[in-house]
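Input: structures, listed below.
The following pair of complexes shares a single chain, chain A, combined with chain B in the former and chain C in the latter.
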Partner chain A sequence: MRYLLRRSAHAAFLLLGVSLLAFAFTVLAPGSYFDEMRLNPQIAPETIVALRSRYELDRPLPVRYVHWVISLAHGDMGFSFAYNTPVAPLLLVRARNTLLLTVTVMLLAWGIALPLGIWSADHLGRLPDRLLSWGTAALLVIPDLVLALGLLVIAVKMGRLPTGGMVSLNFENLSFLGKTRDLLLHMALPVAALVLSVLPLLVRHVRAAVAEVLLAPFLLAAEGHGIPRRTLLYRYALPAAANPLVALFGFSIGTLLSGSLLIEVVMSWPGLGPFLLEAILARDIYVVIGGVLLSTLFLVGGNFLADLLLYWADPRIRTETGA
Partner chain B sequence: MRGRRAISGWLVVLVALHACVLFAGFFAPYDPTEQDRGRPYLPPMRLHFLDNRGHFHARPFAYALKLAEGSFDQYEEDTRRALPLKFMVRGANYRLLGLLPSRLHLFGAENERIYLLGSDAYGRDQLSRFLYGGRVSLFAGLLGAGVTVLLGLCVGAAAGYYGGWRDDLLMRLAELFLALPWLYLLFALRAFLPLAVGPLEAFFLIVAVLGAVGWARPARLVRGVVLSAKERDFVRAARGFGATDGYLLRRHILPATSSVLLTQAAILVPQFILAEMTLSFLGLGVPEPVPSWGNLLSSLQQYSVLVSYWWMYLPALIMLPFFLGYLGLGSELQERAEPYKIER
Partner chain C sequence: MKPERANCSSRRIVFLLLFVLAALFTRPTAGSPPQNNSKEELLVLAGEMGHPGGRLVVALRAEPKTLNPLIALDAPSREVIGAMQADLVHINRATQLTEPALAKSWKISPDGLRYTLVLRSGLKFSDGYPLDADDVLFTFRVYLDEKVHAPQRDLLLFDGKPLSLRKTDSQTIVFQLPKPYGVAERMFDGWAILPKHLLEKPYEEGKIAQLGALATRPNEWAGLGPFRLKEYVAGQRLVLERNPYFWKADEKGNRLPYLNELVFLFVPSADAQVLRFQSGETDVISRLGAENFSVLSRQEGNYTMVDAGPGFEYNFLFFNLSDPTEKTPAEIVQRQKWFREAKFRQAVSAAIDREAIVRLVYQGRGAPLWGLVTPGNRRWQDEKLPHPPRSLDRARTLLKEAGFSWTSASDGEITLLDSGGKPVEFSVVTSSSNADRAKMATLIQDDLKQLGMRVAVVPLEFRSLLDRVTQTKEYDACVLGMVSPDADPNVDVNVWLSRGGTHLWNPSQAHPATPWEAEIDRLIDEQMYARTFEQRKKLYDRAQELLREYQPMIFLASPDILTGAKKSVGNFRPAVLEPYVLWNVEQLYLKNDAVNATR
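After this line comes the complex of A and B, so read on.
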């Protein structure tokens, strides 16, 4: 239990730190959302000053931070200048779309990587393993951006899959089944791009972790007892190799969130990516801070999940009495 | 045992590739900003050895392109006008390495411009833009990695060597930077810097941002090495003889970090090249008309380009050898550092 408490304290510390850091950066920011208005002769300078003071852009940083925390407690996360509403509801819609994408990718990628990596480790050094290693190396070389654009070019040439957005224009009129089909079709390209971008990393690590365990004496003994190969791999070797893989799970969430940010923009998926980009270009600072904080929350949440998994998978951690 | 040669093959490949980009003025046939407004989105010209009557020519040639009958954006080969490829031709002025003025180009054609990778919306040669763009992207990556590794070395050495509260403070800060997904961090840092800047300022801005984004991981690795190195017997002996902190760090401790730093640099450079590409692709990086690998691809964000002018994607494919080189170098360095580990 102490292990879990320590992990959650750590997570809270990270969130606090990131929010402070983000606010500290806003001091460095030259200009604000209202600067564009200065160019407009129809807006009086007094109006701009009034707007700035209304949104507290003229107050010292600690005051703004405290007010922002209070607004966070109210579930607002500050105020978006561009949308003229609290940030939280805006962000949540986008975050939901991003989560839909990333969770699907996570499940798919691990679902493919585990059997593939284990199979590869089982055939270590033989032809299929070498082919797979070459394949993953080739995928590893291709940057996300190049991969996503390439998939788009191919999809446009084929003309079968929708190449942007999340739903079709007539989405509201479709039946439930039609809606699901439409959503899945729109998800196909971004999901494919993201899976292909995280898969090589996962497969390689699974392969290395399992291959290392397969050399252990207890597995040789188990093999000598005539335990079937499949049981040996999945029931004996996999749990023993779980520790580095759970750490990788936490790490892969970060990679995936970053990848998703870019691929959402390229494939115009209405998630956090395009929204954040728009906010940066408009200097809508509270939206930027909110988006960054939310991504940290996802990452921290994912890592917490990884810690839970580790707690469940590794008896050594359960018996450890604090350190 | 592989990877035990004195000089890595990957390094040779990388140096050759970078030379192409560094001497872009010579290898590129044209100036990257020179427009040919009459020929937007020209498809790549094919090089032929056989003409349409089946005669073989030792000198490769391309056919000039003309608008197809009744079309305003479809080109076809004009088989009556062959453009033989000439080597070592005189063309647009440039300065080699920014210093030596020259007019010599590796290849070109007489009378008409030759577009081996096609042209963009303003009729600019994509091949020239790719080569010149590589200067921005590759050197942003290299410089950014250099800054990052130096920063990581300083922070890691300070934390590991002095320990105590300094160690705690720096490592907590590093954890914060590692807690953020890196692209979000990059965006956040970029968000709070000026948006409308000139190409040169944008370049150094990106280098600075990249340096600030990546320092945490090398810092932690360096700290680990320093922690173990400072307890080695010869270091303790040197300290016993009255060696100063500066001497110990310089002479005994920091040399131990070199393999970690090299490996990190090899891993970081391609990541940072990609980061620069991402920023410029999204319009947050180096602005037009200066080419960079990112803004070279940004026209693909328009659906019409994606549908009709697929060759705008070709630069992305030509970049791959660069990334392959860095990946190979990185894994080879890693293998040298830990030769008995199973390759991942």
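After this line comes the complex of A and C, so read on.
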């Protein structure tokens, strides 16, 4: 319980610090939302001054921060200059779409990486392991953008998969099965691009962690007792190698909101990516700060979950904490 | 008898009650539009006859931010609002001339101060409520209200004084101007007429700017345009449906628009837009870059690509001629001495190869520029404006006359020196998000190298660039571009006038800094209030000549408007004025409805 409270206090301080930094960086960055109006010959400078004043851009930074915190307490997360509405509903609807994509990617990527990494570690140094290493190395060096564009070009040539968006225009008229199929078809390309971009790293980590454990004397002893190889790998080696992987899993959760931003932009996925990119370029500052805060919340949550998993998985940690 | 009488009177009471109840329930309520029995005066459009039905899908580079014309600033919002709203008098994007819209006729008083507009009778908003002069009075009252902060408000002020208006009957409105205005009836284009029955209450409560969010329910928003709101899915699409009360018809009397639905998909990148057009997910495409246009033109597809010719975008280089402040770095103040020299600017202009810019940046799909008015603006272009070819010799002569000299290094590289012996080195800032302008800056760097000038190209994020150019003024030179929203030069007066905020080289001057700027001010002010086109054109041509002579803005090139549409889209006639492909959306139709229905 004390541990839980300590972690919560840490998280609160972290969120406060991140919000202050995000506020300072976004507000102090050169240019403001209304600067583009300065290039419009039909808008008088006085109008721009009046609009800046309406949105409190002429108020001192601490005042604006306090107002933003009050708005956060009301669940609004500030006000978007561009949309002229509170930020929270704008962010949440897009965060939902991002999570649909990234949770699927995370489950798929870990689901593939674990057996593949274990299999590779089991064949360490042999041809299958080397082929897999080359494959993952090749995927690692290909930038995400190139990967996404390549997949898009293939999709256009094939003409089977939609090249963007989340659902078809006639989605509402489809049956439940039709809707599911349509959604899965639209998810195929961004999911493939994201899985291909995170998979190499995960496979390499699983492989390294398991390979290290496979040389441990207790496993050699277990092998000597005639325990089947499969049981040996999944029942004994994997739990022993879990610590770094659990930490990595926590980190994966932390990147759920931010890990797919670029792919979303390229693939026109209606998530946080295109929304935040536009907000950053337009200096819609409260949207940007809201996005950063939401991502931080996920990072904190992910790390917290990883800690709990470690606590549960590793008796040594339980003993240390207990002592 | 008594009981019978009593029975009779109680029956009467019941009938009376029923009558009252029936009267109460049949009375028009706030939710049902009042009846308008006057005959509808539809505007009949000439052109290719289409057939009704189908859905047109268009991609937008960004999500529109609002449906409220009072606060809309971004291009996607304006494009969507353009399909949902209508104005009193409209500029035809193809002919660039005015044509009747909600007002069937207008009359200008001999002194040019009074405009009498007569509305078409029997028109209705998209929710079925009738339009009358009160809606027009309400609209302009809101636009003119300082508390609303409508960005367009300044266009209704003449020397700081607002226009006024009154109605003489339910269909006639008289606009009174403080001064005669050269733009005449063009000034009524683009002012979306607002539904008083929906917006008056929120306006009185000071909440009108908060209305028109994209998540607005369709029955809470109405306009006079060809389409009305149907559905919005955050981050994905906005669907508009046919307005059954739209006030235009084709020559056979069929009410327009032809299309049942107009769908805007939000596709955030240019390349993704091209891919979705190629894969058939969208029906029309505009704002194409030259490279993507070439790729699509080369491929055999089920679409037609159209180069509509040079648009109204003008790209230019300008030097920082603003008055230095205490905060201005000394190096910039030093370099400003060169920039203030007209012959220096003329030499830079003479050395720039505009043809090469068009060839290399726009792949030949553009026009070189020597003035602010692009070839797309047929009416206002100054035919007499000289178009001298690139001449390094002339540039060198001008620099020599201005006291500059050259020195050669041992490797043969020449360096231009000012009269104090300092090498001429400066930077050109430009937007990093605009690849075309970054290329232009690089070509200019190369051109000026041949004069011995060392130019550093500094791409900056767009808002940072604007901050430097319009706020801190910490820059030497800048490559930028602007797009005129109309053919009439008055939309750009703040670029010309020394007191204007977009007089970029030295904005918002209290007094004109130079005699030629004072002269341009005089010419532009005079043309603004001149009565005939000939008078205005003469004055405007002279201002263009002065700008060319003193080169505070060195004009570079204007790109063509590059568009495309599926072959099944009928009446596709892209214009060079915004909105390029949807300006005649009410006339667009699908030749093969079946294709669309199965999508």
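What we mean here is this: the second predicted complex is superposed on the first by the 287 of 323 C-alpha atoms of A that agree within 3 Å, B and C clash if a C-alpha of one lies under 4 Å from a C-alpha of the other, contacts with A are read in each partner's own complex, and residues count from 1 in each chain.
The criterion applied here is as follows: contacts are C-beta pairs under 8 Å (C-beta built on N, C-alpha and C of every residue); 3 or more make two chains touch, one makes a residue touch a chain.
Small disclaimer: the values here were computed from a predicted structure and weren't measured.
Q: For A:42, is the partner it touches chain B (first), chain C (second), both, or none of the two (neither)?
A: second
Q: I'd like to know which partner A:266 touches here: chain B for first, chain C for second, both or neither.
A: A:266 contacts both chain B and chain C.
Q: Is A:115 touching anything from chain B or chain C once the two structures are fitted on A? First, second, both or neither.
A: Touch partners of A:115: none, neither chain B nor chain C.
Q: If you stack the two complexes on chain A, which partner ends up touching A:276: first (chain B), second (chain C), both, or neither?
A: In the superposition, A:276 touches chain B alone.
Q: On the A-aligned overlay, A:244 touches which partner chain: chain B = first, chain C = second, or both, or neither?
A: Once the two structures are laid over each other on A, A:244 reaches no partner at all.
Q: Please indicate which partner A:135 is in contact with in the superposed arrangement: first for chain B, second for chain C, both, or neither.
A: In the superposition, A:135 contacts neither chain B nor chain C.
Q: May I ask you to decide whether A:97 touches chain B, chain C, both, or neither, giving the answer as first, second, both or neither?
A: Once the two structures are laid over each other on A, A:97 reaches chain C alone.
Q: Which residues would you name on chain A as touching chain B in one complex and chain C in the other?
A: Common to the two interfaces on chain A: residues 29-31, 149, 152-153, 156, 163-164, 265-266, 277, 281, 283.
Q: Give the list of chain A residues in touch with chain B in this complex.
A: 13-14, 17-18, 21-22, 25-26, 28-31, 133, 137, 140-146, 149-150, 152-153, 156-157, 163-164, 204-205, 207-208, 211-212, 254-255, 257-259, 261-262, 265-266, 276-277, 279-281, 283, 285, 288-289, 291-292, 295-296, 299-300
Q: Applying the document's contact rule, which stretches of chain B touch chain A when the two form their complex?
A: Residues of chain B touching chain A: 172, 175-176, 179-185, 187-195, 270, 274, 277-278, 281-284, 297, 300-301, 303, 306-307, 310, 313, 316-317, 319-320, 323-324, 327, 341-344.
Q: Which chain A residues qualify as touching chain C in the complex?
A: 29-32, 35-45, 47-48, 50-51, 54, 82-85, 89-90, 93-94, 97, 149, 152-153, 155-156, 159, 162-170, 265-268, 270-271, 274-275, 277-278, 281-283
Q: In their shared complex, at which residues does chain C touch chain A?
A: The contact residues of chain C facing chain A are 55, 57, 62-63, 65-66, 68, 71, 73-74, 146, 149, 151-155, 209-210, 213-215, 233-237, 239, 263, 265-269, 271-272, 275-276, 278-279, 281, 433, 461-468, 470-472, 480, 482, 485, 491-495, 500-502, 508, 599.
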